[in-house]
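Below you'll find the structure, written out as structure tokens, and then a few comments.
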Amino acid sequence: MFDPAAQDHHPTLSPAFHRERRDMRAMGMWLFLGSEVMFFTAFFAAYIVARSAAPGFVAMPLERGFGTLNTIVLLTSSLTMALAVLNSKRGERVKTGRYIALTFLLACVFLVVKGIEYAHHFEAGDFPSHDIFFGFYFLLTGFHGLHVLGGMITLAILWWRNRRGDFNKDYNDPIEIAGLYWHFVDLVWIFLFPALYLL
Amino acid sequence: MKRFLSFLVACLFLPALALAFNTHAAGFLPPVVSEQGRQIDALYGHILAIVVVIFVITEGILIYCVVAFRARPGHKARFFHGSTGVELILAGVPAVILLYITVVSARLWERLRMDEPKNAVHIEVLAEQFDWNFRYPGPDAVFGTPDDVMTNGECAVPVDRQVVFFTSSKDVIHSFFLPDSRVKEDVVPGLLNRIWTKWEVIPVWDLATQKRVLLSEKDFENAPVAFSGYAFKSKPHPGKKWYQFSDSARIGYNAYYYERDPSAKLMVMEHDHPVDVAPRYVLHYFEIACAQLCGPLHFAMRGTVRVLPEPEYEAWLKAQPKDDYLASKWAQVWDGVHPDFDRAL
Amino acid sequence: MSSAATTAPSGVHDHGRSYKAEAVFYAEIFGLLISLTILTVTLSYVNVGWALDLTGRAPNIVAGMLVAAVKSSLVLWFFMHMNHEGRLNRFIFAFALCLFTLAVVAFSSDFVWLHTYVVEGARAAVGGM
Amino acid sequence: MSAQTIDSVADFVHPEPTDFFHKYVWSYDHKTVAKQYLWTSLIFLVLGGFLAMLIRWQIAYPGAPVPLLGALLKGRFIFDGNGAVSAEGYIQLASMHGLVMIFFVIIPLIVGAFGNFLIPLHIGSRDVAFPLLNALSYWLYFVAGLLILASFLVPLGPAASGWTNYPPLSDVAGANSPDIGMNLVMSAVFLAGFSSIFGGINFLVTIVKMRAPGMTWMRLPMTTWAQFVTAIFQVLATPMLAAAGAMLLFDRILHTSFFVPRGVMIGAAAAANTGGGYPLLWQHVFWFYAHPAVYILILPSMGFTSDILPAFARKPIFGQRAMIISLVAIMGLGFIVWGHHMFVSGLNPWMGMAFMISTIFIALPSGVKVFNWLGTIWGGSLRLEPPMLYALTFVAMFIVGGLSGIFMAATPVDVYIHDTYYVIAHFHYVVFGATLFSVFAATTYWFPKMFGREMNRTLNYVHWALSFIFFNLAFFPMHFLGEAGHMRRLMTSTGYEFLNPMAPWNEFITIAAFCLGASQIVFAYNFIHSVFFGKPAQPNPWEASTLEWTIPVPVPHYNYRTIPTVYRGPHEYSSPEAAPADWIAQDAPPRGNRAAH
């Protein structure tokens, strides 16, 4: 009989426990993604309002080449993340580690490309205070970049825990939850890319 | 028993409050001077009546329950979970009342904000941190031309004519609030808001009773009103900048205006020659207040509206001095940035 | 070894497909996403409304948003396993998206009215300066 | 010793901390986190109340030096040269009173403290879903509190543009808004927002996934139902505040111009922001959050009342299904009524019409709830203990607050009474009269379970009587001020002639407010004294039937030795099944004489 008072520090957790825990964490992450949707709602609503109602609003030309490259990089990282989750579900520790590392690298590429773009803008003098379009550009891509950075930190921790062997076929929901978050970051970029660069 | 009595006494306080609320409430609304204001007051009284009835019934039930169903030996609580029939009534009756209030309010809201009056007097209002500036189009009926009349802190309007205010702000959000005619609209920088009203009475100050009196245009004709010199000066002390807070002249302005010693002779004008008639009234004004927090001196941002009959209104317009400081203020903000009212964003 | 792997007990939404099939499926989704990206970039160079000879940006904007919506629902449905999530998680995300549309529609409808009523209205009211 | 195998999350318990640090400071236990929230928000309540009294002093006696503090702090903080409240200081007082009370007192108190303590106990679980996230959200709130306190000590003082921070006043440098203090306060609100988002996520997952067997949605106590709807508001509305805060901080620091239109001139100098933004955008995004926020402020209190009234009327709640339906209705409507804060702010008149209709119909669920509370106490046998008195006052004051809200929902009337003391009377009746009285009710009701000791009953009666009388004397005359058109946030009304007749009322309100502040000392003394020296309490002093009363006092670390199975609703008082006694616990096995409800 389970006696809560006699709790020792290393209880063994059964697969049923992990499945329940995974469902709770998935619901928690979906709620967090719901709140993130609302966070970016405010920015997108403000951007759409500024474009539709401001007579003086000029959509400044941005480097579409970098934008497209970034989109492809993020989509690839979504693929590698999905494969990492798939492998961790199959208990393939080595492959999972490799795919997490690949996702991490792609995220670095994304940030580097973003950095180059920012550098070009700063050289051309397009600071956020310069024009309201650039205010929105730096606001949207800045906060998206912060979310990518947050995702990278989580991926690094997961890669290290995976190398240490924490995960197995039963217990792998941290990677799956991080996958949810990463796909959401990619989702935001999918909407952000046409809004800022193309239209 | 002691516990219950103290509760009962405290609860009797509520119905007394309700009665006080009812009788005293109507007393605080300032006397209304515009047609819209009367409609708003009527709607307010209407909703107040409904609300006080609901208030007395529900609080009464609450107090009755506490008295009748208090725990006492031999009294058992009845066990029931509630019936959907009662629920429907409890939801239906308020729904009908609320629907009625919605319909009444919607009709009045449409009259207040949606049909702008035609051929009205147009006045531009430029709010700035802690002051109101007004501009009239002048004879050529076009704003931004040299013949415009500009004043600071004080504007005159003809009585019994629709007046449309175009309000915008130079720095932060203010709010153009006329308490007597129940008008209020925020003044947002970068946006041209329009608010309109019509004054039906002329405010005059009764020197005998030291009280404000509201005269209709007809009574104003044959009332012994003194047009003292100060009625036309927008600033009592030409030399001083009178809107700085530190100099309390601004707050004291109305005190100065009325505490003239009785011996000072008031000049009563009949068209253009003085007449020695003992004046009973002096021209008075309605106040403009700022209702939106706009900075530390938000409380001192006060303007005045002089309501005048038509001829006096024209005379007042002509008598306004040209002030290039005011003109520069308009040029910088109003015409410089938003030449053709293109103030959307 | 991989055969044992396929029947992972804790694979909550493991639909029995082999690892190979699963990976290929993901690759197909990825290919679709990349092609949609290329489509949306090419669309941006073209005046989408030429068939109805519409000038202005509206058709481009609508096309761009439609493609973005398709791409995001692909990612949402397959990569994030929304197809296997419980009804509750779908409801949460759907409710957030409804609030997104509510916010966007409400905010912009206030400002669009302003642009037409205030600017034109003002000019008309004062004799069209 | 054989390692224990745990096969269900309900059995997982964090090992009990032993040393002081893990027991009280960095603790995962929802009961300790609740007490941390409780003590911190009570401290901020004292600060907020103190700011309110300074405001009232300045309104009643404009320019008069503040009695004790004025001479002491001449020239510093919010005091001017001769110890009176300065013009900038008054606006900072008003803004910080609002900000501190809403973000740092009420939300942490009713959602952080009581939500944390009660939800796991009410649903029969050992802890919340994510204990680490629970501790994190408290410490985020704690850091935000430090930032708020720091903003008082910064040279130009804290925020000075109202708790709503409308730009361009809060946005453009030089428009009399303090520089660093405003940034500190905005980032504090930003952090407190994330603290409540994480709290909301935690509670939603706990309520949905960790209920004891047999605890169906209809058997859930009303407190947990209210916390469920509040958590949804928190998770989906608070991010809008974070985003609006981020845009405002971008404007203030990077001089972008999201909310600053073209051509803004402060005095003679042009604003640093280039312009192109739009001030009403902030109001839309802010109020999209802030109206759900004011429901976050009231819903948990409705939950407490819906649980306390049946317990002391010894009778099940009247129409539990209708109560739950109105809760869900409030959740639905809560998101579409934010425009009623902007009727006179240049909003499109047609949208004013739309928001009027949705606002008037959000009064319906509240009305249904009030009638159901009256139905609950109708026919009961009321034990007039202190928690019952406070809960009845909640109902009485919520009726007044709700009814005065209808005036503002009718748009033409709101044109006149917007931004006047009528609005202040309305929300203080709802926030102080309803929510804070229900916090007193919840504190006195669950004090034995929280601290294992009893509060002094007579002191509670004294506090209730004093607070009730002085509350009404202080806030009811504000309706009269509102009717006279007295604007809010006015440092002094002596400048306006149409407000001269209102000066005696202002002084009357100030005196009543000071007495109200003094009468809170009774409760503070009673609370602190009883925590350490109160009489030891029994597990179920009120003979209540919800799950938390079935466990020993003080509550063990693991809450339930064995997870209870639930057989009936939360308020089965004086039901035939209970036969001799007039209550039966939720987890008592069903007796033959009546089918479990």
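Letters A, B, C and D name the chains as they come in the text, with residue numbers starting at 1 for each one.
Definition applied: a residue touches a chain if its C-beta (ideal position, glycine included) is under 8 Å from a C-beta of that chain, and two chains touch if they have at least 3 such contacts.
Worth saying up front: this structure is predicted, and the values here are computed from it rather than measured.
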| If you average the Cα atoms per chain, which one ends up farthest from chain C? | B
| query | Whose Cα centre is nearest the centre of all Cα atoms in view? | reply | D
| Which integer distance in Å separates the CA centroid of chain B from that of chain D? | 33
| Per the centroid of Cα atoms for each chain, what is the distance between chain A and chain C, given in Å? | 17
| Just curious, how far off is chain C from chain B if you go by their C-alpha centres, in Å? | 49
| remark: The positions of chain D in contact with two or more other chains are 208, 236, 240, 262, 275-278, 280-281, 284-285, 288, 346
| query | chain B: which residues touch two or more other chains? | reply | 191, 342-345
| Which residues does chain C have that touch at least 2 chains other than itself? | 88, 95-96, 99, 103, 107, 111, 114-115, 119
| message | List the residues on chain A that touch chain C in their complex, please. | response | 15, 18-19, 22-23, 26-27, 30-31, 33-35, 37-38, 41-42, 44-46, 48-49, 52-53, 55, 64, 68, 71-72, 75-76, 78-79, 81-83, 86, 89-92, 169-172, 179-180, 183-184, 186-187, 190-191, 193-195, 197-199
| note | Listed in rising order, chain D residues that touch chain C in their complex are 208, 236, 240, 278, 280-281, 284-285, 288, 335-336, 339, 346-348, 350-351
| Tell me, which parts of chain D touch chain B in their complex? | 86-88, 90-91, 94, 160-162, 166, 168-169, 172, 175-176, 261-267, 271, 275-280, 313-320, 322, 344-346, 349, 352-353, 356-357, 360-361, 363-364, 367-368, 370-372, 374-375, 377-384, 389, 392, 395-396, 399-400, 403-404, 406-407, 409-413, 415-416, 418-420, 461, 465, 468-469, 472, 476, 479-481, 483-485, 487, 489-498, 573-576, 582, 597
| Any idea which chain D residues touch chain A in the complex? | 1, 3-9, 11-13, 15-16, 126, 129-130, 133, 197, 200-202, 204-205, 208-210, 235-240, 242-244, 246-247, 250, 254-258, 262, 272-278, 281, 284-285, 288, 556, 558, 560-561
| said: Help me check something: in the complex, which residues belonging to chain C touch chain D? | reply: 88, 95-96, 99, 102-103, 106-107, 109-111, 113-114, 117
